[in-house]
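Structure provided below as structure tokens; questions to follow.
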Amino acid sequence: MKIPSTSHVHMLSYLVVLLLLPLLSFAADPDSLQDFCVADLSASISVNGFPCKPASEVTSDDFFFDGLTKVGDTSNIFGSNVTGGNVLTFPALNTLGISMNRVDFAPGGVNPPHSHPRATESGVIIEGKLLVGFVTTGNVYHSKVLTAGQMFVIPKGLVHFQKNVGVGKALTIAAFNSQLPGAVVLPFTLFASTPSIPDDVLTRAFQVEEKVVQSIRSKFSS
Amino acid sequence: MKIPSTSHVHMLSYLVVLLLLPLLSFAADPDSLQDFCVADLSASISVNGFPCKPASEVTSDDFFFDGLTKVGDTSNIFGSNVTGGNVLTFPALNTLGISMNRVDFAPGGVNPPHSHPRATESGVIIEGKLLVGFVTTGNVYHSKVLTAGQMFVIPKGLVHFQKNVGVGKALTIAAFNSQLPGAVVLPFTLFASTPSIPDDVLTRAFQVEEKVVQSIRSKFSS
Amino acid sequence: MKIPSTSHVHMLSYLVVLLLLPLLSFAADPDSLQDFCVADLSASISVNGFPCKPASEVTSDDFFFDGLTKVGDTSNIFGSNVTGGNVLTFPALNTLGISMNRVDFAPGGVNPPHSHPRATESGVIIEGKLLVGFVTTGNVYHSKVLTAGQMFVIPKGLVHFQKNVGVGKALTIAAFNSQLPGAVVLPFTLFASTPSIPDDVLTRAFQVEEKVVQSIRSKFSS
Amino acid sequence: MKIPSTSHVHMLSYLVVLLLLPLLSFAADPDSLQDFCVADLSASISVNGFPCKPASEVTSDDFFFDGLTKVGDTSNIFGSNVTGGNVLTFPALNTLGISMNRVDFAPGGVNPPHSHPRATESGVIIEGKLLVGFVTTGNVYHSKVLTAGQMFVIPKGLVHFQKNVGVGKALTIAAFNSQLPGAVVLPFTLFASTPSIPDDVLTRAFQVEEKVVQSIRSKFSS
Amino acid sequence: MKIPSTSHVHMLSYLVVLLLLPLLSFAADPDSLQDFCVADLSASISVNGFPCKPASEVTSDDFFFDGLTKVGDTSNIFGSNVTGGNVLTFPALNTLGISMNRVDFAPGGVNPPHSHPRATESGVIIEGKLLVGFVTTGNVYHSKVLTAGQMFVIPKGLVHFQKNVGVGKALTIAAFNSQLPGAVVLPFTLFASTPSIPDDVLTRAFQVEEKVVQSIRSKFSS
Amino acid sequence: MKIPSTSHVHMLSYLVVLLLLPLLSFAADPDSLQDFCVADLSASISVNGFPCKPASEVTSDDFFFDGLTKVGDTSNIFGSNVTGGNVLTFPALNTLGISMNRVDFAPGGVNPPHSHPRATESGVIIEGKLLVGFVTTGNVYHSKVLTAGQMFVIPKGLVHFQKNVGVGKALTIAAFNSQLPGAVVLPFTLFASTPSIPDDVLTRAFQVEEKVVQSIRSKFSS
């Protein structure tokens, strides 16, 4: 399959978004021990989650976030873009156990199979027509085509994806019961890790020849 | 203040939505012990949360919900309407620790001061112009006027409200880290409970005369 | 209703107690990761809860607290006084998920309607005769008049109050499943926040005229 | 040490109290998924905790408990008596994560070394003079003599005891962050289990001769 | 790649083990509300986890399990076999938040890339020489070759695998902080679900041609 | 019972292992808020658990541990030795909620009665023949003699022990749902604390004469 040379760049910008997003992975977060603990992302010490910005420096603006107002750039190999409203971009979410994303899709765009290590995801379709599917640990595939206003839920930790099956672009707002749900994006996890998972592990696991593994890996190399 | 006679009905329909919504109240929900446990709302036995529908009866449709597609009826005394996408309306959320609401506002409409006993709320404005405010346990009021795409967070258990300050109607999609966040809606809690909180408790607490308490109560009587 | 000019001072001293108490609000606290982590209330860094005092500086005295031995001053507008045995006054409670208060009541005194954002409260009447009531999220009011030795429970996050209905003073010992339960004290939350909740929000929510809101607010202004 | 023959009976009645108390053992309890779930202690099905009594059968009286009003009978070998206000005696505590006990002491009475498998204990002395002590997992013994109004905390799972060191009787009200804290009462656990822990295990563990083990066991045999 | 016709059968037997294993998926399990709640796997009602076997029917044998004594059959396409000591095979683990597996490897055998939706895994090599690797959500691959007695940890929800890189067979004992960790086994999740994930989703996600997807799928079809 | 004079030294070395082990005690640990947070055991600040080593300094070696490869020295008064694979020795376990121990037994060796304040223990016998027993909070003793491959579970917080009842040495691998389970080792807790539990408390609790208490204590004095 031919990829325009520019697409590596696009893929990378997509990867950047995904890498920002999944630095953490979650379950039900520990409960907050105060009204709020706005994250100090540049604290000198690192703890489970983030230390709190001094309460004296917290203002009303800390509790509101503009980052989801912009349409995401879908000109990448997947034709989709995730914009994260999580503790890394919206520090007030620290200790509060919730986050939200906007996901934009070009026509035919796919949010590739991935899992959120410790968060259940729920979402509402705002625009367009999306196929939403997930696979249980019992390997049962559940899916449905949704349009504006319809809601879905993806049980915690299961592999799922969305595909824009409409004629125009699509948009969904997703919520997670975690301040940073994390994302194990399978194409990257399996074929774009640093260093690489050994070829013989992947050939045995997926029952393919080495050249298939190398071909897929080349698509994600940067 | 004069209320058209029909408005009691509206207030009641509003109350019905609110009563459906808040039967449960939450913190971070206990973790799920299987991929899913679709609620059996009519089970003969009652447990913490709900028993599970037999796995053999679960279909893909269980994981998708249409209830948030309809615009809520805002012709009530508050000029707002909450439609809940929680375990009571979307049983697949049982044990998954998340839920979402749509809140519609008529021009000038208010989602009155309330708290979610054990859930943090986060939301995104989809349409219109909303004033979103909350008060900390230290009695500091934080607020901001938000427009489409902007996100807010209300720390767990704090009193908050929204008011449509735009010229047209408004809509927000809210998420909760709980399968049913519950709502303590202060006008109803204080002045419309059954039976009533004794007048002398309210007069002492709010430093008003008994006739003020009775006047407020009359507005919510049905 | 006339308030002696000195009462503002009393109300303030009452407010001080309440403000000390509710700086944090809770659910079931995260579990402790060591036998104890005595709070270092003056640590340079702020985290969820508090950092630990160095173990080498911990002594037996850290695990015992004298603060509840004193009768609280009930000469304020409510005729009641809350003394908190929580992490802010008894640092050894940090990470241990429990706290206790003593609440003193003058004859007729009221502990005004409030909620603990994330803690269930349980208590025992030590002296006197108290009306204890709470309202569910379904707006059902439950109450009973209790005397010495009787125990009550207030489900997590619900609005509740106590009123001394005996001839003499009253005293109760309350426990919370949180190191600092937090308190949303409704008269202060609604009418004494800084800055104020806009009048039009309160008039619409409580269906009263603006002058009623301003009159109540004046009782709590300092 | 000579024990009057009647004391076995007393020891047993003491044991009965303790056996009622510790049927369950806890950590921070899972969060409640509704305002309340009053335990149905006689349900046909057994779940983690208890099923809920049908909401339609719940009355205000369910939320209040008289059991702690009575002075406990301290005429047993320990000279102390624990009265439990936990889910087994006060079913409304089910899912609410808290419980309270009253502990009565005769002069010189001891609440023998025990641990609560998953609950932190906190308490206030109501009457008398008590030595309260606990041992950390690092084998450090912390203790203090407390009088009326003083508060103590026993970190989760640690071995602790109380002894009445005053001239009269003593009373304490204890709270636990669990609906049923459970109690591992060491004299009974080690020497009064059914069947018995093998003698050779105890002789090796405590470095004593078999006759010492048998002598202690005889004191607790019934 | 040629697969002996018998291998489908082997693959299936492997699949059976895996399907038994992953019916549930977890985070930190909710805390137990009693000493134990031995699962009643054949209860008429289904709840989060399992109802408890009546305490009167519990015997000492319930707390001990023989299933890990047998060497697993590694004659399948992966050359490895997982034997689960989880709540489905060892019912006493219900509500206790832990489980253990034995994993047997033929020379060259691979436990294919998979994740445990809500459990951290830790393990000790008992025999042989294993390459153990995992990929973070930031797509960093961590690995090491381990021999008898060495211990590894796989953070919750991350994709990991083991490969026998020694000359003989290998064995590891793994532990999970969950009564049933669940497993998302990627070859099966992506290519052997029922029904299948649409080809166009997989071709877009992995940047391969449809025939590659169909070829892989054929290896896992049964 | 005669103890060779050198045994005090052995007992101490045994004590050292045990003291390293139980500095912390647990329940279900709070959930991790990132993929990993390798403990910085020498951080200047102390928090619940440990601060994280800077992510930039984390290497693959951090996730693997060699400490369980060595046979423990069982030449002490108990004839057993616990080697801990917990956060204090394997810092990568920080925030991950799991740990593992190896326990070696000389013929006839006993791992004395102890409890893990907040962790359930599960284990597999690797070599030899062990009697494994525990006592419920209802004082029921459950036990069984296990051989290689058999698995046991000890409910959270209950007193348990193991004794080598085979002719040769024995080895078990135990797992805990906690990064550091903590251990309340009863002979040390009751008779070797610093300072000592008062004699009169122990004589009353165990119904023995003071000279018995002093005799036992002398066996553990160092």
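Labels for the chains are A, B, C, D, E and F, by order of writing; each one numbers its residues from 1.
Note that a contact is a pair of C-beta atoms (placed from the backbone, for glycine too) under 8 Å apart; a residue touches a chain by one contact, two chains touch by 3 or more.
These figures come from a predicted structure and were not determined experimentally.
Q: Using C-alpha centroids, which chain lies at the maximum separation from subunit B?
A: In terms of C-alpha centroids, the chain at the greatest distance from subunit B is F.
Q: Roughly how far is subunit A from subunit F, centre to centre by C-alpha average, rounded to an integer in Å?
A: Centre-to-centre distance between subunit A and subunit F: 41 Å.
Q: Quick one: report the Å distance separating subunit C from subunit E, using the average Cα coordinate of each chain.
A: The separation of the two C-alpha centroids amounts to 49 Å.
Q: Where the centres are mean C-alpha positions, what is the separation of subunit B from subunit C, in Å?
A: Using C-alpha averages as centres, the distance is 25 Å.
Q: From the C-alpha centre of subunit E to that of subunit F, how far is it in Å?
A: Distance between chain centres: 28 Å.
Q: Residues of subunit B that touch two or more other chains: which are they?
A: Answer for subunit B, listing residues that touch two or more other chains: 23-25, 27-32, 35, 45, 47, 49, 117-118, 137-138, 155-156, 158, 182.
Q: What chain-chain pairs meet the touch criterion?
A: Pairs satisfying the touch definition: A-B, A-C, A-E, A-F, B-C, B-D, B-E, C-D, C-F, D-E, D-F, E-F.
Q: Using the touch rule from the top, collect the residues of subunit E that touch subunit B in their complex.
A: Per the touch definition, subunit E meets subunit B at residues 23-30, 45-49, 117-118, 179-180, 182.
Q: Quick check on the complex: what are the subunit C residues that touch subunit B?
A: It comes out as residues 1, 3, 19, 22-25, 27-28, 77-79, 108, 110, 112-113, 115-118, 131, 133, 135, 137-141, 155-159, 161, 163, 182-184, 186-198, 200-202, 204-209, 212, 215-216, 219-220.
Q: Once bound in the complex, which stretches of subunit D touch subunit C?
A: Listed in rising order, the residues are 27-32, 35-36, 60-61, 63-70, 85, 90, 92-93, 96-100, 102, 120-124, 126, 132, 134, 136-138, 142-144, 146, 148-156, 158, 173, 175-178.
Q: Where on subunit C is subunit F touching in the complex?
A: 30-35, 37, 40, 43, 45, 47, 49, 51-55, 95
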